[in-house]
Amino acid sequence: MNNILQFLFYILIFPGFAFCVVAGLLIAGIDRKLVARMQKRIGPPILQPTYDFLKLLGKETIIPRHAARKVYLAAPVVGLLSLVTVSLFIPIFNFSIFDKPVADLIVIIYLLTIPGVALIIGGSASGSPYAGVGISREMVAILSYELPLVIVLLTIGRKVGMALDGNITFSLKAIVDYQAQYGPMIAQWSMIPAAIALLLVIPCKVGSLPFDIAEAEIEICEGPLVEYSGPPLGIFKLNHAIKMFIMTSLFVTLFLSGAGTNFVALNVLIQFALAVVVTFISISVLKAITARLRVEQTFKFYWTYPTALALLSLVLVWLGL
Amino acid sequence: MKFPFLKEAITSLTKKPSTELYPLVKKEAPEGYRGRIKFHADKCINCGMCIRVCAPDAITRTIEKTEEGDKITFQFYLGQCTFCQMCADFCAKKAIELTKDYSMVGTDEEDFMVRGTFIKKLPPKPPVPPAGAAPAAAKAPAAAPAATEKPAEKAEDKKEEK
Amino acid sequence: MFKKLIEKGIEKSPWLLHINTGSCNGCDIELVSVITPRYDAERMGFKLAGTPRHADIVVVSGPITSQSKERLVRTLAQVPDPKVVVSIGSCPRSCNVFHGSYSVEGPLDRYCDVDVSIAGCPPKPEAIIDGLAKAVEILKTKRRGK
Amino acid sequence: MTNHLPIIAIQVLFLGAFISGLVGYKSNSLRKFVIFLATGTSLVLTLMLFKPVMMEGQIISYWMGNWVPVSDWAIGIGLEVDQLSLFFGLIVTVTVFLGAIYSFKYMSKDNGQDKYYVVFMMLAGSVLGFVFTGDLFNMYVMIEIMTFAAVGLTAFRNHKAESIEAAFKYLVVGSIGSSLILLGTVVMYAQFKTLNLAQITALLNNAQHTPVILFAFALMIGGYAVKAFIVPCHVVAPDAYAAAPSSVSMLFSGIVNKAGIYGMIRLVFVVFASMNLPSMQFLLVFLGTITMFIGVTMALAQSDFKRLLAFHSISQIGYVLTAIGLSTILGLTGGLYHALNHTLFKGLLFLCAGAVLYSTGTTDLNKLGGLAKKMPQTAGLFLVGAFAISGIPPFNGFVSKWLVYQGTFAKSMETNNPGYVFVTIVALIVSVMTLASFIKVTQSVFFGQLPKEFENAEEVPLSMRIPMWILAALCLVAGILPTAVIDYLIKPAVLAIKSAGNYVAVMMGQEYATKIYTEGIAIPKYDYAMAGWNPTSWLILFGVLLIAFALVALTGGFNPRHIVGAENNNAKFDVFFSGEAAEHSHVAGNDLFWGLKHNLKGYFHFMHDVHNGVVNDYALMVVSTTALVMLYLFLLVK
Amino acid sequence: MLLENYLCSIVLIVLGLYAIITKKNAFKIVIGMGLVDYGINLMLVSAGFRVNGTAPIFDAPTQTQYFFVDPVPQALTLTSIVIGACVTALALSLVVKIKEHYGTLDTDKVRRLNG
């Protein structure tokens, strides 16, 4: 019986829903504050995304005439679900809800595409031509950042696999244990190109400024979200925030984790702090100083620079460095 | 791969943001700012230049005959005004003044109406001279009510010319 | 308790939609300058939204020209409740210098009830911030009124 | 009694063909009943085979006319059903049964239905025969009947010029493939003087790979590559799939290319048993990777629904071939599992395409749009199929693709050869491109705005939706219970592939086999553990969350009063056109993925020129592939 | 073994493939397919040849001593010829239909399905 209760606790409270929502909204607030400060303006309060979410809950939901009702309403929920499921998989220093190592790196790759797909299906269901253009851009964005992301994860899998038991591992827990022994992954110079590649992938995955070709506010009026209003839009904005937290905490787990203290609460704080630092480096700085790229520039950028970096570290790891 | 403004972005993190905390710290409008109109009703001589000169016809005048003179109210509708200060410049008596009050927010028409009323006393009516006395004499003492009489004279000149 | 939270949300994060019905762009630049670092409306939660569906406060600038009348009405209808209409500058209030022209279709309140007006041609950014603050109060009353 | 089941299953299908031909023109419903009966019984018979073969590991051998081998020399035609054959047999019978039910209503609009059903049953019977047979020449005859029936069905709608052209091209390329297989069979017979697969396997086990054997091997590989539509010889497939009626296209992608893959497996693993040579593995993995990549990139550039699905079938066959080429236990499991999944979700997608064709009359992506409102069930089922093929977790595509990735990457770790990492990366990118092209179809066909001429499109009749529902359910089941599917279906088949000796022993008698296999019949140990991934645990997670949130959504979201439906002429519910009146403008078909097509412009133009539609170039591609394979075999395979 | 049989069949097969690949006329392609089939049939028959073996027919009921040619390839050739005939028949019917729809047999023109 307590297994079920423990499961519910895991799902609804700690690494699951509540923790995700709070951490996601906090990180989104910090990110907007940092960007504002970098532009020498005071910037919104840290709880601004929370207020946005609450306000959207209070608004009226209009379902446009051409929309397919059920899919239109279900899309944001499905996106949120998959994000929460991913957050269950990401171990925090040495705390993971699965006792034995579960090969979950590829599961994470796929679960992280579901929010993108949910956004696309939602936009497509709303039936607006702006959404159509937004969808095509979002898909090109997914196509462009998937290549470097995959290579980075395979490199890590290879690196940790070779060290631990000579066979490939796709388990995040094994990666954390590896870093507990040999120190954070970023300390090894052969993994630094992969770290940089993953840092470059995060803004496009989260959809923040230089690469937010899908939700371009001015050109295609928020792309797929053009017809959304009220709670569904709120959930999509929540997805956006949680995705920011998950991608950064994934980066922390992959590159900056280690043994960590034995208090879970302290670990969570350290993970959150590192996540904020990573958000600052990868998302806020770029958002403050760059303008939006065009669709094919994004595609060309991702299939050249980050891919080359990732391949470089793959080759280095392959040579056993 | 050059990142523009990266240095400025990082350094500005440490500096104080350059935002003016407006609602908390009230800010004075600069000198000579053309803000809300203030109408000194006492100085106005109802010459009507401001109405003539106002492009969007924001100024309306209503005259009301009362026993001690005609009660004139000037109404400046700020919702229609372009704050070009032409009325203030052309006003001979400097009766219109645009203050530095810039915060003109209102929810209905009334908040934008600036009104000023004054009574324009007619000069004491001179004793009616016997008929046929020279009109020139009538002209000199009645300097004050020039506007009202002028049209009357004009009408006579026209008749003579014809 | 939940209602109070949502009210706080509405008060703290009003999103703007800017509709330009033929204005001379004086008021438009002033509105956008409100979001620049100097006046930074974002610290009060204001954000320009791309579509009417995301908007709470609709800021209209410019005398309603005949071309933009039909589009204005349609876009205003597409904004979800609770919404507030703000007219910025004196054009929407009374199409100031353009009144009476063949192509101007009269002040804004012929098409919707204007909640807040900000006079000034163009109004100072501080005035716009005051106006928007006033709009947020009305938005709250509208929300509570529902 | 169980010995007779396979032959009866095959004969029932052929019998169904002839009886429906005889009784067909009289009354429609009688013919439907005959077809339903025939496909139903063959399905039941194959299912009855499931317990003895899969559970107890018994291999059924059946000699036609009871011509048992005389003094260790096979003279008759033998049927041999081991776990691998039954695995593909099950796929065939299930697909045929569902395809038959679907085509009852789907073909009702066409005339000459009795001819359709005769050829339909011939195709079904021949593929089942091909899968169950244990005789080399019998395999050739069955493959020939299959090609024949496929060409006939492609040309079924002969009032359309495209189907005639597609049929002719398919016939030319298909007959070249069959001739290659026949030539291979002839050379094998000239060498071993016997046609029985088991005996040839035994003789080959000891014999040195002489050039003649390599020549026959290369010819057979070339022939089966044409049948399985592997890339250099795939060009004919999209024309045939697009021109054939959808219930037949479902058969094409379900069983015709699976027959090619089965032939390839039987050949490479059991008969020639040469898969432990790294050079052979490299050949298959190389062919599979190209097939994967070219299939999906061509699919992205299509603007016709069924042609897009056809190119996806080719790319998924690339997945299967790559996984099988690894010849590790994990690779084989991934490959077979993906073959099963591919038949399920591709069948579902082709049926959805058929449903769209049935109610709107066109499958051009640029003309369709917004059908979800008119055909909600088909749209929902299509989404299930699209998510399954692009590998979204709860569905089966994810499981088998995940096995393929792990297999390729584990292979790279074992052999320390970076080439396999490149294969894993290509596989993952192809999976994302599959997702991209299905997003394109979803947006172009089901969502977006409904064009004027499809105002009166309505949902397809129930008898067409039942097979779709069954396939969707199977997709979900195969996705949620992978360990069960693997233990009962795929593990025995993988063991059967790996233990050729067992195959020979049953057919030719135990002592014959021990004499040949001096080192004893190696039964490989199934060391494949699901790598600790206990799917059920995180699926429960997903389920609990789903329920939790479904409740929230059902109670009308967070403010029930505010969900406002769309009254018809209120401007509030018009699509936002930045103020303009909402006229019909639907972003669909070719105007999606501009960024990608712009960057890969060179590649797409080249690919367009390669598929130029001239039969001679197709034939040239087939012959040159076989020549290259032959050259490769002679030079590298030692 | 009959070397000239095998050479002749190889020549037939290569000629057939040459016809299929280079000839632009659909009718000639069908002839090419036929040629390939006949080549393979020739090789199939000559595979069963045994020096001074007789035809595999039991003419005298009592005769015990027989030395036959291998009968199996001959059986296979029968099926193969039948299949070759049917393929040619189907191909020709399609060629007639192509002429009816496209008005030409030139494969360069019969290419609506491409890309």
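Read from first to last, the chains carry the letters A, B, C, D and E; within each, the first residue is number 1.
Operating definition for what follows: contacts are C-beta pairs under 8 Å (C-beta built on N, C-alpha and C of every residue); 3 or more make two chains touch, one makes a residue touch a chain.
Here the structure is a predicted model, which means the values were calculated and not measured.
Asks: Please give the intersection of the contact partners of subunit D with those of subunit E.
Replies: none
Asks: Moving step by step between touching chains, how few steps can get you from subunit B to subunit E?
Replies: Shortest path length, in steps: 3.
Asks: Based on CA centres, what chain would you say lies at the far end from subunit C?
Replies: Between subunit C and the rest, the longest centre separation is with E.
Asks: Which chain maximises the distance between its CA centroid and that of subunit D?
Replies: It is B.
Asks: If you average the C-alpha positions per chain, which one ends up nearest the average over all of them?
Replies: The chain sitting closest to the overall C-alpha centre is A.
Asks: Could you compare the number of C-beta pairs in contact for A-B with that for A-C and name the larger?
Replies: Most C-beta pairs in contact, of the two: A-C.
Asks: When the centre of a chain is set as the mean of its C-alpha atoms, what distance in Å lies between subunit B and subunit D?
Replies: Using C-alpha averages as centres, the distance is 87 Å.
Asks: Just the number, please: Cα centre separation of subunit C and subunit D in whole Å.
Replies: Here the centre of subunit D sits 59 Å away from the centre of subunit C.
Asks: State, to the nearest whole Å, the distance from the C-alpha centre of subunit A to the C-alpha centre of subunit D.
Replies: Each chain reduced to its C-alpha mean, subunit A and subunit D end up 35 Å apart.
Asks: As a quick test, compute the distance in whole Å between the mean CA positions of subunit A and subunit E.
Replies: Computed value for the inter-centroid distance: 62 Å.
Asks: Which subunit B residues touch at least two other chains?
Replies: Expected reply: 17-19.
Asks: Send over the residues of subunit C in touch with two or more other chains.
Replies: 37-38, 40, 43, 51, 53, 78, in rising order.
Asks: Mind listing each pair of touching chains for me?
Replies: A-B, A-C, A-D, B-C, C-D, D-E
Asks: Within their complex, state which residues of subunit C touch subunit D.
Replies: It is residues 51-53, 68, 70-75, 77-78 of subunit C that touch subunit D.
Asks: Give every residue of subunit B touching subunit C within the complex, in rising order.
Replies: Listed in rising order, the residues are 17-20, 22-23, 27, 29, 35, 55-58, 77-83, 102-107, 111-112.
Asks: Which subunit D residues qualify as touching subunit A in the complex?
Replies: 370, 372-373, 376, 379, 383, 387, 390-393, 398, 402, 405-406, 409-410, 412-413, 418, 421, 424-425, 428-429, 432-433, 435-436, 439-440, 442-443, 446-450, 531-534, 537-538, 540-542, 544-546, 548-550, 552-553, 557-559, 562-566, 568, 572-578, 582, 585-588, 591-596, 598-599
Asks: What residues on subunit A touch subunit C, complex-wise?
Replies: 32, 36, 39-45, 47-48, 50-62, 130, 217-218, 221-222, 225-230, 233
Asks: Under the touch definition given earlier, write down the residues of subunit D that touch subunit C in their complex.
Replies: Spelled out, the residues of subunit D in touch with subunit C are 570-572, 574, 576, 578-581.
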